[in-house]
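Two complexes are shown next, each including subunit A; its partner changes from subunit B in the first to subunit C in the second.
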Partner chain A sequence: MLDYWTSLQPPTRLLFAIMLMIGLILYIATINLRYGEPDLTFMQLWQTLSVEVKEGEDDLAQFILFEVRFPRVLMSLLAGAALGLAGVMLQGSLRNPLADPSLLGIAQGASFVVAMSIIYPEWLPDWPLPILCLIAGIFTGAVVLITCGSIRSTIRIILAGAIISGFFATLSSALILLAPYDRISGAIGAYLRFTAGSFSSAYWDDIYTTLPWLAVGMPAAWFCARSLNLLQLGDEMATGAGLNPRKARFIMILVALVLISPVIATVGPVGFIALFSPHLSRAFIKTGNAFHLMLVSSLAGSLLIVSADVVGRLWLYPIEVPAGVWTIILIGPVAILLLSRKLKRV
Partner chain B sequence: MKLLNKLTLASTILAASLSAHTAFAVDGFPVTVTDAAGIEHTFNQPPKIGCDWYGCIEIMADFDLQIQASEDSGAQNVFYTPAGLPKYIIEDYTNPEHWANAEVEVIMTRVPVSDEMQALTIAAPVFYLHHPSYGESDQSGFQAYIKNIELIGQLTGEVEKAAAAKARFNAVISNLKARATDETRNQKIAILFGRDDTFRGIGKGNPFCALIAEIGLGECVIEGSKNAEVNAEEFLKLDPDWIAYSGGEKSYKDRKDPVWGRLNAVKNNQVFDTAGNRYYCCSTRGLIHALQDFSHYTLDNDIRLPGKLEDFDPTKSPLVAVVK
Partner chain C sequence: MMSDLSVTNDQAFDQVVVDRRWLKWRWLLLALAILCFLSLMISIMIGYHSIFLVPSRIWAVVSGDENTSKLEKIATNFRLSRAIMAFMVGGALAISGALLQALYRNPLAEPSLTGVTQGATTAVVVFAVFGPTIPNHLVIYSVPFIAILGAIISTTITWFLANRVGKVEPLRLILMGVLVGGVLSSATIVSLIWAPDTYANDLIAWLAGSLAATTWEDVRMLSIALLILTPFVFLSVPRANLMQFGDDIASGLGQSINPGRILVLFTACALTAVAVATVGGIGFVGLMVPHSLRWFVGGDLRRLVPACFLLGGALVMVTDFIARNLSSRILMEITGLPMDSVTLPVGIYLSLLGGGFFLFILKKVKT
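What follows is the complex of A and B.
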């Protein structure tokens, strides 16, 4: 089976991979749309989708489907696609297979801003949270790159990332620990839920907030694919091909931040998706071609998050378990294995 | 030199005999009290109490006793403490040295027993109070808080003050029970933590929920005793009649999510921001504050709002005063 798969031409593998992932995404998304309160049969789901509600009529099932389940599924798909894509951008531009928003401290920087917005909203300027997260992400990303000195050293970047993420994680803890009691009552639950990454309160408003960013970030990432391919050949060859590697890396990291920031601001830093999706895709389609990788990694990210969200929503129903908890439980051990293998090679 | 030794020994014996004399001079001591974790504690005189938990601070305030030390500066500001602020503030409650420096003779916390707290026994014995939302003990619901009053009453020798605090709380219950109706008994209640647009709230097993059910002011709709997040669709089905919104700096008026606007409690304007945050924890004093707030909205607008926790004196609560 594996031999047969490897023997296929790359475009055929890509096509199969895309079809398989879309099929799985549709299947799991349908589960997410069907089950809850109320459960819907396929027929009811179809009817609910197709029947137009007359003005003045109050259809609860339709409300739940359109206002609760649809935006949640859509948000999980968008977040997965954005993180999967950002993972390819970060790993490719830094030429570091372990690059990920959490390992680079970007997630913790943005989480610190969100912690502040929960506990001390008056300390922050009255700007949209994605912009504040973007600024925090750019700041932490810049600090990591400045402190590590060399963008090509895997170990240095990971160490600098670990230091910066530790720094911001501790700052967030200090913020909570030093807050007066009346400020933190109930806030700890909200903060922990956020840091895990949850879609339980993802509604259309969140999609409207996220979409403009992704509408810029996703095409921009696609335009970076050629440069990403050139960077894989090494800086000298990339320069020979007319690319300015430093400038290209800067733009790619910025694009990755544009993809990551709105996701973190709305649903939190869902763990391991940006790290794992590119690896899963590479293993699946057996190519490092950024054009292919971007497509499949986006779909893989969406598939992983929509699956985690279905488990988080339905496993202990009606209790909500953040999707990020499941991504860490399910993907975490694989990611740790991956990390140990990659570090041994360094 | 010999004379000096004799003098030292004599003064030590004198000090010991004086100390023993003081210890035996206190009525009811020595006393042995078993805490919520089943650990026995014996004291020859009322110990200097260090509070690591709000339940302890509130009961001490109820008894009009000054606390020797409390765990952080936030605690002292939240509660009305007629006897004055704690003598010492413990900056790091996990550090036994801080407790020892504050000269506490017992550290009061709540179940469950933890290694972190047990490590403090180097400084002073750790006494566990009941808290049904956090750990296992033989007390559940608001009875756990009544039991805590009894425990601290025994420990401090303030049995009369304990009896007064219990009587005050029982008076509130009787008073409200007398005013409960079939309508209030059947009310469905949700108490939500509103820091984000989720439906995280306190469950039926929480002391406040157990208390309003006992009094006849309504039933909490969220199952369990933990503060879990309930799925939005399920919450819509639970459809509470009243929502008490404990959002800290955030008001329920800030909520914009579509499920929120669909709830009957919201449509019927039966939602209110709670005064303070004593709905979910930690003593009968806190519960009286929460009950006064709750009954103002759900029972009778003439019951005045309790105001800030730091100004709240339960002895002057209308819920107590009405009872003869």
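What follows is the complex of A and C.
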């Protein structure tokens, strides 16, 4: 079975993987659209989706579907695609199998900014949240890279990132403790949900915020794929092929941050997706080609998040668990186990 | 004859060197003791509501003089219990760090970086949110056991993840500890979602490491726990001392490796867990204190551990003194933002300080 799979041509494997993933995503997204309060049958779902929304008509199922469940599913797909893609970019450009926004401290830096914007908006410039998150991400990334000096040591970077993320997490909890009661009342739960990464309050607004960023970031990532392939050969080879590794790295990290920031600003850092989906897709399609990896990894990210959201929404119904919780609790240990095996010689 | 003489000379020389080290150590210990006493006095004398207590009044309260006001009694009691608590917690964490560093032969090993602290806090929070309700007067005595259990489980997991090739490399261990700790602290935050909002706030403050709610009962519990653990520390120190040289030399010098390792691991975990159980997640004390002391007294744990106890205690006591008196009123005046009138828990200051310290020494560690 495995021999047969590896004997196939890479494009065939890619095509098969993409078709399988899209099929799974459609299946799980349909589940997510159908179940909840009220449950819909497949026919009802189809009818509601295909019939135009009529003005003034008071159809609860239609309202819930279009205003609550549909944007939620869409948002989880977008977030997964963005994070999966960003994971490929970060891991490839830093040549670090552990690169992940939460492990590099970027996610906590951005979360701190989000906490600031909830509690003390007057201290931040009046810019859209994704831009603030982007700035925080760039700042954190720069601090991590400067403290390590070089990207040579895989583990050192991750350790510096972990410490800096702890630093920002500490600052965030200090902020929560200091916040006057009228500004934070009821928001603690919301913030905790946010730090885990939750889609329960994803509406059309969030999609409109995210889309322009992804419209810039995804094509930019696609254009970086060739350089990413070259960087895998090592800096000397890449320079020989006419690439400036330093500049390429800088651009790629920037593109990854552009993809990550709107997701963190709207739904929060969904843990381990950017770490796990590139590894998953690499293991699945058995190739290091960045063009293939990017496609499969963004689909894998969408699949992972939409499944985590289904599990979080429906398993312990009526209690809703943020999707990020399941990704951390279910994927986290698996990812750590795989990585500890992978890092044998590091 | 000649050779005999030279040997005695060498031995004499060694003796002098060793004696000088121990002599230096005695002076250092004395200095640390004075430091502890001074910080204890300052923490009792100065405090909130600008109640200033001169040493004679403190003595009057402590010695049970009838001629003291109620206010003086309350202030002394409150500050004294809190300072003693800070001292014991800091001492326990610093010793735990020194033992872990010897055990893992890793200068970066630290309870909060090897998954010990997170294991303890996660176990306590999960038990508090989901566990069975236990009678109020038993809570304080049951929490340490849960914390020790959690700490040992998560340390073992970290150890096995890092130990895949039969050898544990320094940075790899810390990496796995940080990853395991990260997953565990997410699990902690997740379980807070099920806790009611007011309760969640308390638990967040506890997780950040707060001494604000210290009572004499906490002090009694922690001192009993530390007394029970003292023989374990005495047994661990010589064993851990040999472990610093590596397994080969340790077994060559007649030590059985695994029982010793388990003993040291248990002692380190238990010291951290009892401290965490009472005050929450205070990190980096076990990193900063042994590191700075090793510079003065060298790596011998017989000298390092007592010095760690004193300096760790003093560090947490002083930081808590600052945390207690730096109220949000001062921060409010600096930033011009509305804030709740609270003081931040000591753990926040310590982890900001320790994070910087860690980044500073990370560059120096060789892979």
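Miscellaneous remarks
As a working rule, the second predicted complex is superposed on the first by the 337 of 346 C-alpha atoms of A that agree within 3 Å, B and C clash if a C-alpha of one lies under 4 Å from a C-alpha of the other, contacts with A are read in each partner's own complex, and residues count from 1 in each chain.
FYI, a residue touches a chain if its C-beta (ideal position, glycine included) is under 8 Å from a C-beta of that chain, and two chains touch if they have at least 3 such contacts.
This is a predicted model, so every value here is computed, not measured.
Subunit B and subunit C, once both complexes are superposed via subunit A, clash. Counting the residues of subunit A touched by each of subunit B and subunit C gives the higher count for C. Contacts of A:124 after superposition on the shared chain: neither subunit B nor subunit C is touched. Residue contacts after overlaying the shared chain place A:193 against subunit B and subunit C alike. When the two complexes are overlaid on their common chain A, residue A:170 makes contact with subunit C while staying clear of subunit B. In the superposition on chain A, contact of A:36 is made with subunit B only, not with subunit C.
Of the two partner chains placed by superposition, A:216 touches none, neither subunit B nor subunit C. Contact with neither subunit B nor subunit C is seen for A:19 once the two complexes are overlaid on the shared chain.
In the superposed model, A:68 lies in contact with subunit B only, and not with subunit C. In the superposition on chain A, A:332 makes contact with subunit C only, not with subunit B. Legend: residue contacts after superposition of the two complexes on their common chain; A:205 is shown touching subunit B, with no touch to subunit C.
Only one segment of subunit C in 4-12, 76-84 or 310-318 runs into subunit B in the superposed model, and that segment is 76-84. Subunit A uses residues 179-181, 183, 186, 189, 193, 319 to touch subunit B in one structure and subunit C in the other.
Every residue of subunit A that touches subunit C in the complex is listed here, in rising order: 98, 102-103, 120, 122-123, 147-149, 153, 155-156, 158-160, 162-164, 166-167, 170-171, 173-174, 176-181, 183, 186, 188-189, 192-193, 195-196, 271, 319, 321-322, 325, 328-329, 332-333, 336-337, 339-341, 343-344, 346.
Looking at the complex, you find that subunit A touches subunit B at residues 36-37, 60, 63-64, 67-69, 118, 121, 179-187, 189-190, 193-194, 198, 200-201, 203-205, 313, 317-320. The part of subunit B that touches subunit A in the complex is made up of residues 54, 72, 74-75, 77-78, 193-198, 200, 227-237, 246-249, 256-259, 262, 276-277, 280.
By the touch criterion stated above, subunit C contacts subunit A in their complex at residues 161-162, 164-165, 171-172, 174-176, 178-180, 182-183, 186-187, 189-190, 192-194, 197, 200-201, 204-205, 207-208, 283, 328, 331, 335, 337-340, 342, 344-345, 348, 351-352, 355, 358-359, 362-363, 367.
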